[in-house]
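Okay, got some structures for you below.
Both complexes below contain chain A, partnered by chain B and then by chain C.
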Partner chain A sequence: MEQFAPLRRKKDGQPVRYLVVDDSVFARKNLGKMIETFGGQVAGEAADGCAAITEYERALPDLVLMDITMPLMEGIEAAEKILQKHSDARIVMVSSVGYQENIVAALQRGARHFVQKPVKADVLYEVVKYVMGDDAVVAAIADGAHA
Partner chain B sequence: MSSMSGDRGTELRQIFYESAQEILQSLNEEALTLEKHPEDLEALRSLRRAVHTLKGDAAACGYKELTSLAHQFEDVLTGEDLTRSATIVETALTAADVFSEMIEAHHNETRVPTGEPLRKLIAQLGSAGPAKTAGKKTAGKATSHKRSSGAKKSIATTVSQKSVAAKCSPRTKSAVVKTKVVKTKVARAEIETIPGWTEYECLSIETASQKSVPVQHVTLGLDPNCVMPEAALQIVRNILGKMGEILAFSPAEARHLSVAGDIEAAVATRETPDTLTQKCRVPGIIAKIKVATLASLRSATTAAAEAPAVEYEAEKARTQQRAEENSRPATAENLLRVDSERIDTVLNLVGELIIGRSMFQQTLLEFGKRFPKDPLRARFSDAFAFQSRVLSDLQRSVMKIRMVPVENLFRRFPRLVRDTARICNRNVELVLAGQETDLDKGILDALAEPVSHLVRNAISHGFESAEERQRAGKPETGTLRLAAYHQGNQVVIELSDDGRGIDSTAIRNKAVAQGLIHSDEAQRMTETELFKLIFLPGFSTAEQITEISGRGVGLDVVQNVLQRLKGSVNVESTPGRGTTFRLRLPLTLAIIKAILFRVEHRLYAVPLNAVAEMTRIHQSDVHLVDGHEVLQLRKEVLTLVRLGRPAETTGESKLFVLVVSHAGQKLGLVVDELAGQEELVIKALDTNLLSSDLISGVSILGDGRVVLILNLAAVAERRSRVRNELGTAPWGLLLPLAEARQFQELSTQDRPPQDLQNSIGAAAEGEL
Partner chain C sequence: MKMELIQPFINAADAVLAQSLRCRTAVGDVSMTEHTYRRHGVAAQIAFTGDIEGRIIFDLAPATAAYLATSLSGTEIAAGDEMAGEAVLELANQVIGNAVTTLNNQGFNFRVLPPLVYSAEQGLPSTQDTEALLMSFDTCGGTVYMNIAMRYNCQSSEKTASAVGA
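Let's look at the complex of A and B:
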């Protein structure tokens, strides 16, 4: 597995905290593993849009990875609801090519970016770096990590 | 993620394999829901979602065939057209099967099936759909051309639109879109060189540039690898919109992008070109950035050429060999998947603790007798009470881990019923009840096969055809009810149909013809006893399928599994009204409450839940009927089974009778002495240690004594066999065991309980 230069929050040097929203356990695990390689921390997970909103309120993550198609409440609606309350929420939509319209809709509602499924770690890393912008710094490779 | 390798890959694949089973299950379920309610839009959506999730997961694992099939399927499911529900259901069910095969093949690393038949089905479904977005299917990229309004357009329209779009210059196209705002033609000539900007946009730039806010001309080249240009455009819009006011933006839609090339935008912003450039560096989307300040509209083109342009090349993919698997533990999840063996180990240890508790209790009792006045005694008792309460809680908690709702078993049946009913040409409705009933996972897993067997049997032979049902005045659709519920310390799984029932006369004739019973015996047998015959191994042959409504085909398998699980099966049937199979299962196999009794000085136990009552009778109450000892117990006549020696004494002696019920049948066990009630930890016994089917397990008491647990199924079976074959009263079933004296002697108090196997082994050696 690739190891990326850890991304830390600029304000306190702590790992970037993520909320992973996807109805597939597998996808959540997969994203979780990638997040680890970015030196990030999974602050919460949710399997549907409703849970995503509560989890956001609870964890107040730095970044949300949001699937589009989910039961109960789809990703767009969840993103919209979160953004209504937290206009500065950084939401990255995660979805397949076929859902472009939905991504556009989500972007129009304030989602910051999107990554395409299947998610490639290097792409996601760049997206995260971009979306975090000035609020994240690239730290030196952590001691424990293999180069 | 084709490059996924090493442990991480294996682990992910394992997760995929497990989660895929759930996805496939829900695919099946949603398909069945849709079949029942073809108008259920939510079911269709859930179906699509299941396929979508599977696609995503499979893609991440690098399973190309699976991904592409799922992708195709998902594509044809797009749109909320419910007129095709029937075809969708058919395809979805096939898909679930094919996907399952493919996943299985990947898992076992065998050759992956091509799924060609499914591909055809999907293609048919795609073409059958009225006015589907054909462009979407023929080319993946074409998806981006689909607009929400275009979803219902016919193939022809889509194609012609595309060609029109191709011919039209993007400028005209966007001009058309914005016609209503075009009011003036000022400065049109000057901006002709910037493609795609409308007159209105140019006017805006003109107006803005006269104010103090500088206007930046941004030219962006999309990353050629970006597959979602529409979304990319939206991101660019978002970014620029945040920086300032977007005065002009071209192309308006992604479909013109290939024609127009780069994105051309004019933004009124106070940010410097450098900041703009930096903000526009969107990974994976923007490959080229050029920012130039527009002095005024007239110099737009020249400025773009002269201004110091900043080029940005998108960062390329990193090299593969960067770092090995990172060793930090996986993210915390609420769910834990654990090998069931580990839980069994814990359960086993709890079992040992329970034995330990019995030992402690015994010692405490003795201590109390010896030092009744000792103040320490009360403290011992308190400590013991506390200990046993915690131990009980521990035991319950560990048991709970192994418990899973019966739903896990039941959920597979809707599909099975549907398929079987279709093959057999029957209308069957499945009604499920009590899915939330918990049962030991091991038991539940073992039940899958027998219950499926009974379900198939019920549909293929139990139900009449629709015409026949109509003639009989029954509703055309038969009802198959599958229910689970607790009963005492047992779980009952009940499968009932409202079909034709079992013809007991046919069973009787067949059993006599096969020589299983004597004809006069047959006449005396009750219906319940006759129904029991269908579980005999030899009873089913092909020709009987018609004669006895098909029941009995492989039913001995069902019986065998149930016996292994220390459960029982019985059947009730009313001709013309239906049949009910009732499977009774212990809540768990590991620890039981039991009644202890002695036969010939040897200690035995029967599960407490099998004991209906205990009674003490005079020898004179026992009557001999047809060579059997029977007892009139209130209004019932009870067959007695003597486990020890036959009665020699006069009518004055008293007997202990344990009334046990097994598979709905009651038996009276005549025992020498009752010895109390205990919680027993059942230990499996190797067959080479003790070869008698009369004993289902063995346990050890707190004082180290060994208890043999009686297998009631075998006792009941032995009883009827003895009666059928010899016509003599059964007695002394346990005598051969009792004669192995060493058995008891070897397992003395000074032996630690863990040595159980050894002591029995030694005993058995002496015996054999």
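Let's look at the complex of A and C:
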């Protein structure tokens, strides 16, 4: 997997911490690997919306990657509940179901962005950089890494 | 079953397989059936409800599932490994999601249910309302089988039409 210039938190230079929410263990592992190539750290994982809310409270991540179609509670509802309590939560919806109705619903509830599956690492990297904004900095580029 | 409904699934499967396996794919055998479905290997089923309701099964030989999982994850995964089955579930999820996105943009409303491992040796037989399309994709990792059974949900379509004043 290609390496990217590491993204660090501006406040302390530490890796950006992610919560990965997807009912597919395979998708979670894959996103976790992409996060590693971004120089980030998986702070928590959840397989449904209910668990995502609990994990958010525990891990207080810098960014959440949230699937939409999940058992128990879907991602848009979970995002809304997290944002009701943590209005500054950065949530990026990651789903194969990318029709406008879903995207608008997610953005209206406070999600910051939407990435359609299959996820391309370079696309996700740019979205993470955009969503983190001034709260993240690009660390020194290692040999062979993308800027 | 109308081609306008099937084509988005074929296009989505072709695109997702090509991206996941990083190789060209080709549509193999295509046939309609009303017979029961016999599983080839590692299979995932996704159901959807709404203006069109039905289900799709993706079915891969164990070695093909392992090839897919290895290609998607960048880590060697052996045939029979649990992660190979998870990769098939995720493949099904991505294909259906992309197809449903296209159909939604054409005005059909859907709800996609989470994917399930399809472990039965035989599925339910198709009916006149839900005749199944059987098709295969030839890939660099082996053959991927797709079985689509769906039908218009007249009740839901009428509701949608009435809601938009059609």
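Following the convention adopted for this analysis, the second predicted complex is superposed on the first by the 136 of 147 C-alpha atoms of A that agree within 3 Å, B and C clash if a C-alpha of one lies under 4 Å from a C-alpha of the other, contacts with A are read in each partner's own complex, and residues count from 1 in each chain.
Everything that follows uses one rule, which is that a residue touches a chain if its C-beta (ideal position, glycine included) is under 8 Å from a C-beta of that chain, and two chains touch if they have at least 3 such contacts.
Values in this document were obtained by computation on a predicted structure and should not be read as measured data.
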{"item": "Overlay on chain A: chain C relative to chain B, clash or fit", "value": "clash"}
{"item": "Which of chain B and chain C A:Tyr56 touches, first, second, both or neither", "value": "neither"}
{"item": "First, second, both or neither for A:Pro71, with chain B first and chain C second", "value": "both"}
{"item": "First (chain B), second (chain C), both or neither touched by A:Phe38", "value": "neither"}
{"item": "Which superposed partner A:Gln100 touches (first chain B, second chain C, both, neither)", "value": "both"}
{"item": "First (chain B), second (chain C), both or neither touched by A:Ser24", "value": "both"}
{"item": "Superposed model, chain A: greater residue contact from chain B or chain C", "value": "B"}
{"item": "First (chain B), second (chain C), both or neither touched by A:Lys117", "value": "both"}
{"item": "Superposition clash, chain B against chain C - the stretch among 63-71, 531-539, 549-557 or 693-701 that is involved", "value": "63-71"}
{"item": "Intersection of chain A interface sets (partners chain B, chain C)", "value": "1, 23-27, 29-30, 33, 69-71, 96-98, 100-101, 116-118"}
{"item": "Residues of chain A that touch chain B when the two form their complex", "value": "1-4, 23-27, 29-30, 32-33, 35-37, 42, 45, 69-71, 96-98, 100-101, 103-104, 107-108, 110, 112-120, 122-123, 126-127, 129-130, 144-147"}
{"item": "Residues of chain A touching chain C in the complex", "value": "1, 23-27, 29-30, 33, 69-71, 95-101, 116-118"}
{"item": "Residues of chain B touching chain A in the complex", "value": "1, 6, 8, 12, 15-16, 19-20, 23, 46, 48-49, 52-53, 55-57, 59-60, 71, 74-75, 78, 140, 143-144, 146-148, 227-228, 230-231, 233-235, 238, 281-284, 315, 317-318, 320, 322-328, 330-331, 333, 335"}
{"item": "Contacting residues of chain C [partner chain A, same complex]", "value": "16, 19-20, 69, 72-74, 83, 86-87, 89-90, 93-98, 100-101, 104-105, 112-115"}
